[in-house]
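The data blocks that follow each hold one structure.
Heads up, the next two complexes both have chain A, just with different partners, chain B and then chain C.
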Partner chain A sequence: MKIAVLLRQVPDVVEELVIAEDARSLAEDDVMYITNEADEHALEEALVLKARHAARVTAIGVGGEEAKDALAAAIAKGADEAVFVPVPFEHRGDNHRLASVLAPSMKAAGYDLILTGVWAADQLDAGLAGLLGVRLSLPYVGGVVSVAVDAPGTKGTVRKEYPGGRLAVLEVGLPAVLGVQSAEQPPRYVPVSKVAQAKRTLQLTELTEPTVLEMGVRPTKLLKSDPISRAEMLTGDVSQVADQIVRLLRERSLV
Partner chain B sequence: MSPESISLELETEGVPSDATNAFLSRILKLPGGDQLLSCIQCGMCSGICPMGYAMDYGPRRMISALRAGRIEDVYRSDAIWLCVACFNCTYRCPVGVPITDRLIAGLREELLGRGVGVPAEMQAAFERTSRYGNPFGESPRKRDAWTKDAGVDVPVLREGDSAEVLWWVGCFGSYNKRNQKDTVALARILDALGVDFGILGSDERCSGDLRCTSQGEEGLFNALYQHNAAELGKRNFKQVLVGDPHAYNALRKEYPRLGTTLSVHHYTQFLADRVSDLARGMKKEITAKVTYHDACCLGRRNGEYEAPRDVLLTIPGIRLVEMPRNRENALCCGGGGGANWLDSFIWQRTRVPLPMQRVQEAAKTGAQVLAISCPLEVPRFEDAIKTSGLEGRLEVREISHMVAEALGLLGGY
Partner chain C sequence: MTSREIVVVAEHAAGEVSDITLEMLACAREIAHTVGWHVTCLFLTDDPKPLEALPLASDQTVFVKDPALGPPNPAAYARVLPHVLKDLSARLVLLGNTSTGIDLAGPVSEALGASVVSGCVGIRSAGEQLLFTSRLCGGKLVAQTEVREGIALALVMPGSWNREAGMRDAVPPTGVRVSPVPLATLPVRFLEFVEPKMEDVDVRKVPVLIAAGRGVQSKENLANVEALAKELGGAVCATRPIVDQGWLPRTRQIGRSGMTVKPRLYLALGVSGAPEHVEGMKDSELIVAVNTDPGAPIFDIAHYGTTVDLLDLVPVLTERIKGTRGD
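Right, the complex of A and B next:
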């Protein structure tokens, strides 16, 4: 079984997001990147499947140079192969475009399962997994919380959580694209020395962009969101804010 | 048990497993590691261990299992993650086995390296430290944001800059809101003493000691060391002043091992060398009965018991009383060796948190103030005071904060 996992680099919100002078994008120099959280779960689910089946896991890192670090970490965790897909800064949130970049090579590679996060922190349009499913004419399930594959590798059984506390067990024919919400176990830890070693010996296949690309949406303006007028922002130091929270909870008879 | 499994056990009995051999050959090569072979199985370590009652494998039994070639038995035990790196076992061992730094850390490293994993709380601290250089997941760029409210000039040394004293602020002192009060207090003391000092600012990262050397994340420690050693090398200074005893240990003992030799002083030692200057400036009395909690990393691990007491005794009005367990016998706050990030894991297995035991002991002396010299102890003991019902009776204070008060430096903060 061949499994592909897409790992996107998205802005880390631990650092302040600075709006660039063009007022429609982030200032690139101030952005610190992190692998999209749901994509980390997709990788974990792929590694869980690898432990159960004789699967080969290909990690596909999307973004700038930082994606190579994410690929080294993926190899250290147990992925078998690393593919780097450089995407120019201004296009990273455009999933229509990204799906068109990825689709030809993914079709050629013939993966049985393509896993990625159901959602990415910086996406401008629909989820990447669904768009890839359409482009590859493959079935797609999103919001997946676990994956099982039958012995011949022709059918997947996935769990998907619905609002209202309902969980569906769905059958999906393989190959398929899955948008992972969370893996069935938390993403594993890999010691820094192993990541460093993987970084030193990392062998990357680099994907060049196809010449004909579909453009999706593009932002015309980027600005700070205004707090909703009905929202009351608490201000002051820690103890003042704590006092206000206690007062509010008491007023509403919540404690 | 089937006859086959019995014969299998007989055949393998006494034959060290490959994993045991691999572990021993690695540990024996590390400084002091060969002392492991000198263990006389006296059991002092397991007896003195404050968590020993909750361990199925105490240090003595761990070594015994290694000798029997059965490291796998130790892997299956939770005991490895119950160690709070208090160094009681190391201190008491009659043959000098570095139990905490080599045995426990080595076993943790094995568990990490073999993908057995690490308790989830600890994993988050590792990941954040690796990514952001601090265990809280705070912005590395905001490491020196506290200096804005310091009320005195806190110079950030850039590449090529010089100062007499390089002040290593540390993660807790830089980011934790409560610890920042004590950091500002120390900044004002340095300013008042006219010390030529500076900090690394956002170029400083976790020293690596607390979560790594005794946690088994040696690779992370090396990465942090490489970064910090390079940054230290870009500045000129005569000595390093450290607030956190864990960083003090790393800079004093571990960094030289890797090639960076520094003259390192804990802030209480720095102030103890200047008690006459301090005494002249101390106009305000602090009328209180005070007991001092010896930080494990300053006391048992580095042999400094007197400097913090000397500084406290300089403060007018203070009456210093000792807890029954003081100096080398001090009870650990339970936060060392990464245990600060294993509180629920440890609580589930022990149910009597060490900081609660300690604040009750402090309260019994009749002291109103529990003076401390390690930033971890502030949040740990303050929480314990609340859960022990001692609020209003016992106050936790960093020595720097008390000194600054006596010097009249706390105005406007």
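Right, the complex of A and C next:
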């Protein structure tokens, strides 16, 4: 069984986000990247499947140079092959474009299962997995929290999340594209030394972009969320803040 | 002239419309009110009966009926929807920014060549243009987008419009259609629903909730949070990353794919306030947020906030509350 996992680099929202001078994108030099969280889960699910089915896992890193670090980490975790897809900064959150970049080579590679995060932190358009499903004429299910594949590798049974903790169990013919919400176990940890080692010996296949590309929407304006918070801020040291919280709870008979 | 048809793709379960459907209708009504658009509420279902007499705020309600549209099968919806939207001459299509809507956006966009704008918290029209306001990057950024021509699909953030405005006094004209495409063979088959097992605590019924977010950092620190919850006679709930780590059961997860709660107190510890979490707790009576990042979106919806380190605060607060017992 051949499994492909798409790993996108997205801005780390824990860091300060700086709007660029064009007022419609982030300032490239200030962006700190992380691998999209849901994509990390897609990788974990692929590695879980590899352990069960002796599958071959291809990690496909999308973005700038940082994507190579994510690929090294994926190899260190157990992926078998790394493909780097350079995407210019301004197009990284555009899933329509990513789908049109990725679809031709993915079709040629003939994967049985394509996994990626159901959403990306910086996306403004539709989910990548759903777009790829259409372009590859493959069935697609999103919001997936577990995947089981039958012995001949012809069909998968997936669990899809609905509100209230409800799960739908769906059967999907393979090959298929799945949008992963979370893996059935936490993404595995791999020591930095092992990633560094994988990086030194990393063998990358680099994909060149096809000439005809589609585009999704682009913001005309990008702003930081209103910095004026509605919350009344409690100030002082820890002890003073604790006193204020206790007072609030007392006023409402909560203690 | 360009179409001025807004189609709300309804979400419903067990014969009842979901809140997001009413919120999308409220959004559609707001646009229609300003420029005279026409609003259709579209249900894909195997049984229109329980939904036919609803006083929805649409100009018409259309049911597409087929046995294959009963179970929640994304492949069935994705096959039918483009055809129906074309028949209705939709210009603006509203989908929920939900498990159901997110699945449909890609396939429908590709089939119709439609633009997609996700995370919408504001939509308006200016002549033929449609203007969207969305939240992205965990709610830290706001993007404004224009779609000048062609079909636009908007994924509407739950909780962004008032659901009461999605209903009115009269029942709009309704029509039932058969599926325009055969649905007998689908690549995806619905097998069953698995309901969550309420192992220990039903967080929807607990008046005091202490929410653990990523800022809690480790399972060890979570023990201190548990101790605080115990002193307050409450329970610990969490954001997705904490549950994904396996530190708490799935039934404690608050937000889009977890539980929706309205406790008397929601004490958010190290919770950033990503929109998908806020959806599940924004109606809490009192929200107190503790986060070292003063720019965290949780402070936009909290009543009180503080930027002290939760790891320092929690033990002190626990002791203080213990102390109040003796008063």
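Throughout what follows, the second predicted complex is superposed on the first by the 225 of 255 C-alpha atoms of A that agree within 3 Å, B and C clash if a C-alpha of one lies under 4 Å from a C-alpha of the other, contacts with A are read in each partner's own complex, and residues count from 1 in each chain.
By our rule, contacts are C-beta pairs under 8 Å (C-beta built on N, C-alpha and C of every residue); 3 or more make two chains touch, one makes a residue touch a chain.
As the structure is a prediction and not an experimental result, all values here were calculated from the model.
Asker: Name the chain, either chain B or chain C, that contacts more residues of chain A.
Answerer: Of chain B and chain C, the partner in contact with more residues of chain A is C.
Asker: In the superposed arrangement, which partner chain does A:170 touch: chain B (first), chain C (second), both, or neither?
Answerer: It touches chain C, and chain B stays clear.
Asker: Looking at the overlay, what does A:34 touch: chain B (first), chain C (second), both, or neither?
Answerer: After superposing on A, A:34 lies in contact with chain B but is clear of chain C.
Asker: Is A:127 in contact with chain B, with chain C, with both, or with neither (first, second, both, neither)?
Answerer: Touch status of A:127: second partner only.
Asker: In the superposed arrangement, does A:186 touch chain B (first), chain C (second), both or neither?
Answerer: Once the two structures are laid over each other on A, A:186 reaches both partners.
Asker: Just chain B (first), just chain C (second), both, or neither: which does A:108 touch?
Answerer: In the superposed model, A:108 contacts neither chain B nor chain C.
Asker: Examine A:51 and indicate which partner it touches, taking first as chain B and second as chain C; both and neither are also allowed.
Answerer: Touch status of A:51: no partner.
Asker: With the two structures laid over each other on chain A, which partner does A:14 touch: chain B (first), chain C (second), both, or neither?
Answerer: both
Asker: So, does A:238 touch the first partner chain B, the second partner chain C, both, or neither?
Answerer: Both partners, chain B and chain C.
Asker: Touch test for A:151: chain B only (first), chain C only (second), both, or neither?
Answerer: In the superposition, A:151 touches no partner, neither chain B nor chain C.
Asker: Using the superposition described at the top, list the residues of chain A that contact chain B and also contact chain C.
Answerer: Looking at chain A, the two contact sets intersect at 14, 16, 186, 238.
Asker: Report the residues of chain A in contact with chain C in the complex, numbered from low to high.
Answerer: 10-11, 13-14, 16-17, 26, 37, 41, 93, 95-96, 99, 118-119, 121-135, 138-143, 157, 159-173, 176, 179, 181-183, 185-186, 216-227, 229-235, 237-239, 241-246, 248-250, 252, 254-255
Asker: Provide the residue numbers of chain B that touch chain A in the complex, in ascending order.
Answerer: For chain B paired with chain A, touching residues are 109, 112-113, 115, 117-118, 120, 123, 126-127, 130-132, 137-139, 141, 177, 217-220, 222-223.
Asker: Okay, in this complex, where on chain A does chain B touch?
Answerer: Against chain B, the touching part of chain A is residues 14-16, 34, 186, 188-196, 238.
Asker: For the complex, which residues does chain C have touching chain A?
Answerer: Checking each residue of chain C against chain A gives 71-75, 78, 98-100, 102-107, 109-111, 115-119, 134-147, 153, 155, 187-196, 208, 232, 240-241, 244-246, 250-251, 253, 256-260, 264-265, 267, 272, 285-289, 293-295, 297, 299-309, 312-313, 316-317, 320-321, 324.
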